[in-house]
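Take a look at the structures listed below.
Paired with subunit B in one complex and with subunit C in the other, subunit A is shared by the two complexes that follow.
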Partner chain A sequence: MNLAYYPGCTLKTKARNLEEPALAAMESLGFKLEEMDRWNCCGAVYSLAEDDLIRQAAPVRNLVRAKKQGKDELVTLCAFCLNTLKRANLLMKQEVEKRNTLNSFLDEGVDYAGEVKVTHLLEVLRDRVGWGLLSQKVRLHLRGLKLAPYYGCTLLRPREVAIDNVQDPIILHSFLEALGANPVGFPESTTCCGSYQIVRGPSTIVEYARRILRSASNSEAEGLVLTCPLCDYNLGQGQKELLRLGNTFKEMPLFYFTQLLALALGLTADVCHFELNYGNPESLLREKGLLSRVESLSTSGGPK
Partner chain B sequence: MSRQKKRKTPSAPPVKAVGTEVVQVPANLIPIYIMGKRYEVPEGYTIMKAMEYAGYKLIRACGCRGGTCGACSTVYRKPGDYKLQVALACQKTVEPKMYIGQIPFFPANRAQYEFNKLSGAPEEVFKLYPELFRCVACNSCTKACPQGVEVMDAISALKRGDIATAAQLSFDCIQCGLCTSRCFGELAQYHMFQLARRIYGTRVVPKAQHLAQMVKAVNEGRFDDILHRLTKMSEKELKELYEKREIEPVETGEQWRPKSKEYLLGE
Partner chain C sequence: MATQKQIAPTVSAKKVRGEFVKKVKEISGQNLQMCYQCGMCSGVCPAAADMDISPRRIIELARLGLEDEIANSKTVWICASCLGCTVNCPRGFDLSKVMEAIRQLTLRKNVDYVRPEDIPPEDRAKLPQIAMVSGFRKFTG
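Up next, the complex of A and B:
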């Protein structure tokens, strides 16, 4: 089954370790993530300015082009792209006057009113594959791996675009359980990572990182599971900054959920690009014997 | 641009000098507005020719006159239409009542770099042109391109580090600057594309091995003898040789070889 897929810019450079394992893993589950033609940046952040509609041009143009290409759904991997596209879509659905202005300005030759559904890959796994089937497809159970699911903001806030219960999300938890890992709940799993405040320098986000990482490690997590390249950057840079400031703590490996999916489905570690991760997740996986086991799996034939 | 003094006769003369060229003036004259002033110019002229007919001496904003140099960027609008149109003055023929303005130069930001010191990584492009990320995908650049380049798509490709796609999409860019003149985010798209194409040409496209072999063979004097013989031939001999030459058939595969293999490398 083919799914129209919107990658987002970062997944093509710094976050290839989010995209490449996802494409390979979904293919082994029988879904082809088919990159849409002619996409542009999602806008990077949803503009809250009521009267500055030009900032909605980028996300809306992607949605309009998806419609023009005959797509009724667009799957994203990056939580930030999901958020930006989904909120812009909501605006096109609900605010008639702004919709008309945007349609006329964009000049794409179609009237768009929010017809394309924006979804996240986690929703595809939950609603279309199902956790039960996913756990049957797992070839390498990630047993003994204590992982803290970190949602951040953009998967859940605002409520209108949340992919799960805003207060008490479980989607990443269920996902990790399906892979055979040990999900570890922790109080700061939906705390903001500091987001774009990082552009003013690492000192602005260091306190967010401290809080989130301490909370996860107090809950005995051995790694953090992410869906967003900005969270990854902030929590990675935040750890570096904490160490630079003389804090002593064990570095927390950061994983993208797609890397764990690929690994659990028995795909080789090279599609995961762990070299791009912060906190050396490979050494944790080796410690747990997971890397040697996935290697022996890949020599005994491809994933079923 | 400078305006030459010219006395206009009410009835247009049948023959007129345009530059050094003497041309026959067509019967139909149409009104156009050059920088807001009305002129009657012959139908069928290009904007550039019409401006010269009207008495302008073009010392800037004209180059190749063949649609490839990008010097004669022109914006125009027609009455009753709010949309600005773009054209190359040397290519577009005049239309009645068009209002014409030219943009011979645009003060766009061009980054300074020593190309040999660049590795070609996307991050280098981002650093040289950080304003790349000011693009809001309004697409005004694409609408302003007289070459039909998908400018915004190429900028989108560059933003995600896809230098090859940016280079390919911008291949027809003639650096006229009209995209930049319309850009909401003040990007200098055409300079960014030039950098992308430089990187693509030198770092991405594989080097042609056969070219290096051929250059080596030339330098080693492999073709000196025939070259000297050719230069000494009479016109008659040359013509004969030319007429007798073996021509590659129109529909042929990679495997085709001429009968004489004398000058083929590696055979």
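Up next, the complex of A and C:
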């Protein structure tokens, strides 16, 4: 089954370790993530100003083009892109006057009224594959890996675009259980990582990182599971900065959920690009015997 | 932790900027009178400890039209638009939009809060695109 896919800018460069394992893993589950033709940056953050429609042009143009290409659904992997595209889509559905202005300005030859459904890959796994079937497809159970699911902001806020319960999300928890890992709940799983404040320098996000890492570590997590390239950057840079400031702690390896998916489906570690992750996740996987087991799986035949 | 301003600012006809209140309402689309000052926004804000004026007080100062007090505060620039306040407000008030409106009122005067050229080249090379694009959208006019 083919799914129209919007990658966004970061996945093509800094976050190849989020995209590449996702494409390979979904293919082994029978879904081809088919990159849409002619996409542009979504704008990264949804504009919160009511009177500034020009900032909606970027996300809406992607949605209009998806419609023109005959798509009724657009799957995203990046939590930022999901949020921006989904909010822009709601605007086109609900606000007639703004919709008319944007359609006229974009001049793409079709009128768009929010017909394309924007979804995140985790929703595809939950609603289309199902945790039961996913669990059956797992070839390498990630047993013994104590991982803290970190949601951040953009998958859950605002309420209108949340992919799960805003206060008490379980989607990543269920995902990790399906892979055989041990998900570890922790109080700061939906606390902001500092987001774009990082452009003002690492000192701006260090307290956010301290709070999140301490909470995960107190819950005995051995690694954090992420969906967003900016959370990944901030929690990596945050750890570097905390160490530079003289704090002593065991570094927390960072994983993208797609890397764990690929690994659990028996795909080789090459596709996961763990070398791009902070905190040396490969060392943790080796310690748990998971890398040697996935290597022996790959020599005994491809994923079924 | 920043020291929060404890002394209430004086309100006088000279200081109140009716035009400012009107613009904040227009840009944010929020009815500032909806807020009943419970302080939930300040309670859930992960950055409140670093702010010189708490999120709750920003709303109060904005509806009083105290433009200068707000303009001299760093609160709206510390806000990371995480929307913790938005989803927790018992009145359904969207403070993130008010923060954006106040940022916009500065940025639209062609004042950049962050100058791209001040970001060290080694950071520019490493920062993910979503950080750069969102940072410029929030901090430059």
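Quick note on the criterion: the second predicted complex is superposed on the first by the 304 of 304 C-alpha atoms of A that agree within 3 Å, B and C clash if a C-alpha of one lies under 4 Å from a C-alpha of the other, contacts with A are read in each partner's own complex, and residues count from 1 in each chain.
We adopt the following convention: a contact is a pair of C-beta atoms (placed from the backbone, for glycine too) under 8 Å apart; a residue touches a chain by one contact, two chains touch by 3 or more.
What you see is a predicted model, and the numbers here were worked out from it, not measured in a lab.
> With the two complexes superposed on chain A, say which partner A:Thr13 touches: subunit B (first), subunit C (second), both, or neither.
So A:Thr13 meets both subunit B and subunit C here.
> Does subunit C touch more residues of subunit A than subunit B does, or is it the other way round?
C
> In the overlaid three-chain picture, which partner chain does A:Leu106 touch, first (subunit B) or second (subunit C), both, or neither?
After superposition on chain A, A:Leu106 lies in contact with subunit B alone.
> In the overlaid three-chain picture, which partner chain does A:Trp39 touch, first (subunit B) or second (subunit C), both, or neither?
After superposing on A, A:Trp39 lies in contact with subunit B but is clear of subunit C.
> Tell me the contact category for A:Ala57 with respect to subunit B and subunit C: first, second, both or neither.
first
> According to the stated criteria, A:Gly223 is in contact with first (subunit B), second (subunit C), both, or neither; which is it?
After superposing on A, A:Gly223 lies clear of both subunit B and subunit C.
> Let me check the overlay on chain A: which residues of subunit A are in contact with subunit B and also with subunit C?
8-10, 13, 41, 43-44, 55
> What residues of subunit B sit close enough to touch subunit A in their complex?
122-123, 133, 135-139, 143, 150, 152-153, 155-156, 159-162, 184
> Considering the complex alone, what residue numbers of subunit C touch subunit A?
Interface residues on subunit C, with respect to subunit A: 26-29, 46-47, 49-50, 78, 80-84, 86-87, 94, 96-97, 99-101, 104, 114, 119, 123, 126-139.
> Hey, which residues of subunit A end up touching subunit B in the complex?
7-10, 12-13, 38-41, 43-44, 54-55, 57-58, 61, 105-107
> Which bits of subunit A are touching subunit C when the two form their complex?
Within the complex, subunit A touches subunit C at residues 8-10, 13-15, 41, 43-45, 47-52, 55, 78, 80-81, 153, 156-159, 166-167, 191-192, 194-201, 207-208, 211, 229-230, 232-233.
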